[in-house]
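Take a look at the structures below.
Heads up, the next two complexes both have subunit A, just with different partners, subunit B and then subunit C.
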Partner chain A sequence: MPTETFSIEMNMTEIGPAAKGTNPKEVIVAIAPAFGKDMNKTIVGVDHISVLREILSGIEEQGAVPRVIRSMSTADLAFMGHGAAKLSGSGIAIGLQSRGTTVIHQRDLDPLSNFELFPQSPLITLETYRMIGRNAASYALGESPNPVPVVNDQMARPKYQAAAALLYLKECKSLVKNKKPMELKVEFSIKA
Partner chain B sequence: MDKFLAGVDIGNSSTEVAIAKVQGTQLHFVSQYLVKTTGIKGTIDNVKGIRFALTEAAKKAEIHFHDIELIRLNDAVPVIGDLAMDLISETIITESSMIGHNPDTPGGAGLGIGTTILIDQLEKVEKSDKEFIVVVPNPFDYEIVAHLINRAMDQGTAITGAVVQKDDGVLIHNRLNKKIPIVDEVALIEKVPLSKLAAVEVALPGHVIRTLSNPYGLATVFDLDSDQTKQISLVAKALVGNRSAVVIRTPQGEVVERKIEAGKVFLKGSNNQQLSVSINDGAETLMQTYEKLESLIDVQGETGTNVGGMFNGLRQDLSLLTDQSPEEIKISDFLAVDAVIPTSISGSMAGELSMESGVALASMVKTDRIPVERVAAQLKKDTGIPVEVGGIEAEMAIRGALTTPGTGKPIVILDMGGGSTDAAMMTETGKLTSTHLAGAGDMVTMLINSELALENLELAEKIKKNPLGKVVSLFHMQLEDGTTLFSDTPFPPYTFGRVVIREEKELTPISSKASMEKIRDIRRSAKRRVFVTNALRSLKKILPTGNLKHISSVVMLGGSALDFEIPQMITEELGKYGIVAGFANIRGSEGPRNAVATGLVLSSIHKEVLR
Partner chain C sequence: MLQSKRFEILKERPVNKDGFVTEWPEMGFVAMSSPNDPKPSIKVKDGKIIELDEKKREDFDMLDQFIADYTIDPSSAEEVMKLDSMDISRKLVDINVSRAEILEISKGMTPAKVLEVLNHMNVVEMMMALQKMRARKTPSNQCHVTNTRDNPILMAADAAEAGLYGFDEQETTVGVVRYAPFNALALLVGSQTARGGILTQDSLEEATELRLAMLGLTSYAETISIYGTEPVFIDGDDTPWSKSFLASAYASRGAKMRFTSGTGSEVQMAGAEGKSMLYLEIRCVMMAKGVGVQGLQNGSISCIGIPASVPSGIRAVLAENLATTLFDMEVASGNDQTFSHSEIRRSAKMLCQMLPGTDFIFSGFSAVPNNEDMFAGSNMDSSDLDDYLIIQRDMMVDGGLKPVNEEDVIEVRYQAAKSLQAIFEEFGFPAITDEEVDAATYANSSEDMPQRNVVEDLKAAERILQDGISGFDVALALAHRGYETTAERIFSLLKQRVAGDYLHTSAIINKDNVVVSAVNDENDYKGPGTGYRLSPERWDEIKNIRQAISPRDFD
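Up next, the complex of A and B:
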């Protein structure tokens, strides 16, 4: 066990409208309007910092280059993911809603199609987020990863549906009509 | 009113029917159909499949089922085959001493040698010129690990490499001020002994490690004498071809390759001949010994060994199928094929695989007779149509084969089915010789299934039957012959970046890490090992002279002759003996299918073989 205690902090700054990427190794993570800002936890109370960090770690570990943008005009998962894929240098992007729902998208697909969808947000663990990042990076690098194993729980729907709807409504309050996605600079630092 | 005749051929894996209209001595084939054989060939269960096939064929011919006046059934050859497979070698690590695995993404590159130490012990290290390899178990976050290593290095502690449990290699590497090789995804890291001398090697992407996979490299690293080097050479062997590896020297640690006592095979021949072969000598030696026998009467495996178990299992299966006691079962033919089976090493730390050798066996049993009469009686009862059991299967097959344009007597046929490979020859005077050998399509499926570790026979069957491709983008894929295929419509998203099986209408992704080339090699070698071997074996058997140069042409029949590459392989191989080989085209339209069913119908009109 660590003999000293460390904590990890995230610093997120908006640096202007997101441009189309040119790096073929790039994977974009498109976060929803309220992610890490007006909202800071997923539907099961997992810190947004940890969620985003795991996804970014997964992308980096696999050898791709992560970039984060914030979707401003839509909070719809499919359109966030697909819109970001069109901006991504590799054509691969991850869409991430504040409640935790996630998708891996590719620019040549129809918006409502996808590579991998993780619809049951209450069941996604931090390890799964890491694997999602890793798989997205693998697709970007032209490899063929096995799809991330997904847990299915019939009770998740009745138990969380109302909460999920409310969280989506809350997310939609942060929408800014017709505003282009914003480029974000995300930095993690270690505090001893 | 026109008369209709039906021929029915029950095979090991498929049942084929043909319906023909009779006008005087003229025959017109009106339709044919093929279904999967229901139940075991020659049992009453077959009737269900036959009735279904007849109904469908009648529908296709636009006649009523009851318009058929006579059903002719083949006198199914009383041979039944079965398959078995087992390992004959095994690698065991008796003491944790090596990690040689291929995590997707190890960090850094190079070779590091040092003493293993737990990450949180680093700061307690006293100043010395000792070098360390850091061991990082799960609870440590990569950011913290990098911070600790950087700090220790700044304070003057020499760190030459790291072994990490999580998939964090690249993440840690990216955050280090001084780069070191890092092996990650070591699942059982608690087994890594601490305070022992260890070496970590990581190669650049696309390269393989060179020092730790070389026995003398290991000897240099660990300062070993020649005896110790000999002992450690198995470690080196197991690490060949990896991108990263860790070797830790423990005084007692050793890796042994254990040859499983796979046992002996006893071959009994005519004239009281008896030969024995150790299965460890491999399939080739076994088959060579088999050839020394004049004719095979039975095969026994040494009891209490793997091969004994295999043959006993076969006997059990076959005795259940034929209603005979296991002692009565006599194996009349078998085909042994070497196989390479990926197996996880017992005692390994990161789920390492080693390619162990194994033997696959197909065997064939003569039963007293297959109760075709029972099937015929049941069929007659169910349909109300007279049923007749036709002539010898080989003769019917030849009659059917002779409807291929360009053929004539004398003729040699090679019938490659799912369960057996059969060959028959008819001389100009109508003299017939035939043989039935174990091993055909099903054995190829079994080999593909185990060599690719698929554990999915259906998928293996698909791999066997179709060519491969790799989907590069949603709009283009690379084919196995190196050409590129472009598509106007996007491929389905689940195929992106994957090796796919290109079926006629569908693409099935293969969720194996094996490359397209590897899968193709395994597929082709499995087919070659079974079909080319059996083609030569069966032809030698039916020739009175046993010399392949004495025949000029061979007509290939059966489901496996439909395969997209087996006929070419056999044509190529037989070409070496100056034999023209090609697949049949029954009635000029059916390809290599439906030969026996066609022959059955023909034989009821013309007693003589035509042409």
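Up next, the complex of A and C:
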């Protein structure tokens, strides 16, 4: 029986410094400096294309409007997320590191606070990323969704702590000092 | 390729679930020695240090400045720095060189010098040095007592059981922050039900933690974190000076405290500046000394997965414990976080602190099951207690614990739960039922406990802070309800706060309410026949495990 094989490709184009949004339905996804560029997979080997696609789909299917920016001067999840929330038309943003760690932020919160935090990146599935997108959209539309269930594993430290640090260090190699976040045009295409 | 059956078996072994990485010195992902670590150097002018480890005073960051001005003794530094590092390493191992003599040398060493000295030593030499250099002669142990639901009755019972096992310090923290005052109360009542003098702490956000200590609901603090580079320190909105201020606040209220630091934290936050983990940790140790705190919890602590992943990483963790003792401070030596899936590996690591003995071998040992440990799990938990007790017996080594009887455990858990029930009634908190007391008496984990009304409990917990319910109020309530022994013990702890003797280095309080510290129990190890030796009574205690059979067991 013949099987169809295809792959999804992602094309990201920088279109200049990210401006403050005005659309109240907007949710910004702030990706870290190396995401989908110098790094292409999360800590458990999920490709960045699928992760971003799930988040964006989640936002869209809930009725909000996604916008993607790249953080340039910080890879710190809290500051990426909070910085993006301040640019977001709705005040809601998602921060996303290359290793997969994710946060839902809101502009009126303290940077180290958040709406929802997903600190254990190895435990986040593609389905969870989609739910994160949906919940961020719900917040943007003024709803109060139930938080996405967080998985906790006390043995995640022995297994992943060192790799997580390694990936963060690698990410930090792509930092550009004092550079403002860049607006990105993201296109997905299917290759047979 | 055909698969080797033997490799298939190896692949499934627990150790292969652990994370290992190759060194990356450029980013500080290296245990004990990085090409970017500075070389030892010092220049003193007019009693002031003007050069430290190849850096001129005008280039100092705030940690350099703090260490140069408050830790290193400028009057002896130039002489000490002329000593060959290898000679100092040998003195550390040499039984004919006293601890006091080493302490004189350490006053004049720079961080890079300490790093060089430690790099000359292998783990056995480090353990020998640790045996000599720890401040208190008698080793001891600390535990975690937490549960996922912050159930106060279970916590009191667990604290009482841990007290029977011999933990001299007990640490709790919260799942839900607003439970904090209840946890402090439960730990205090449970621990003092087992024996007087057990010190307790509630690890929290710094202001609340201090407040509970001031109320006398806790008797010490430990989780005051410091870091080895300026950017990471500033990231936490802190400086060495702000941490000094916090330390003084505890001292002014007569409460014991120590700092916390550890290898790997700077790498984790991408702020290692290319320096080795141990070099940065030595800076933390020396900063703590400069502040004047009596002790330090280190041994990587919550970042243990990072040093544990690189070559010589577990050796670095032992080296940082040793570094703390070099500066005449109490060391609470880690072993307090999950770092390996392998039973062999986690035992091997633990022996590095257990065999030489430290002020607190674990900081702490999870006295509850690891899935109830709200510090994210410890290197050993309540299901490992028999293993630990038997290792003490096998090696004839004092790990700070003693075997217990099941009947005694049940009795003390019951008494602790009953006492807390009485206190709740006295204060008008949501009632503790007899069913809950019974459940706590026999429980293993919070799953064995009936559900409580969390909203009502939280309101009552907040009342403790609002009304300022103090340790003294707790003692009065217990006395009023006929729990005079526990009441007296809590009152004695409060008197210790006024006397202040337990602010001395490495202080614990024994069952007779006597402070045992580096002042009246100074480590005087100078080889076989000196230092800490098991007394015949203590050895009997360790020997007497319930599992051993004797000829009398057979007719």
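Following the convention adopted for this analysis, the second predicted complex is superposed on the first by the 185 of 192 C-alpha atoms of A that agree within 3 Å, B and C clash if a C-alpha of one lies under 4 Å from a C-alpha of the other, contacts with A are read in each partner's own complex, and residues count from 1 in each chain.
Note that contacts are C-beta pairs under 8 Å (C-beta built on N, C-alpha and C of every residue); 3 or more make two chains touch, one makes a residue touch a chain.
All values derive from a computational prediction rather than experimental measurement.
Contacts of A:F35 after superposition on the shared chain: neither subunit B nor subunit C is touched.
Considering which of subunit B and subunit C touches more of subunit A, the answer is B. Contacts of A:Y168 after superposition: subunit C is touched, whereas subunit B is not reached.
Of the two partner chains, neither subunit B nor subunit C is touched by A:Y129. Of the two partner chains placed around the shared chain by superposition, subunit B is the only one that A:F6 touches, whereas subunit C remains out of contact.
The touching residues of subunit B, counted against subunit A in their complex, run 104-105, 120, 123, 139-144, 147, 167-171, 174, 472-475, 490, 493-494, 496-499, 509, 511. By the touch criterion given at the top, residues 17-21, 24, 27, 29, 264, 267-268, 270, 303-306, 308-310, 337-341, 370-371, 373, 376-377 of subunit C touch subunit A in their complex. Across the interface of their complex, subunit B is touched by residues 1-3, 6, 8, 57, 60-63, 106, 108-109, 113-115, 130, 134, 138-139, 142-147, 188, 190, 192 of subunit A. By the touch rule above, subunit A contacts subunit C in their complex via residues 75, 154-155, 157-163, 165-166, 168-169, 172.
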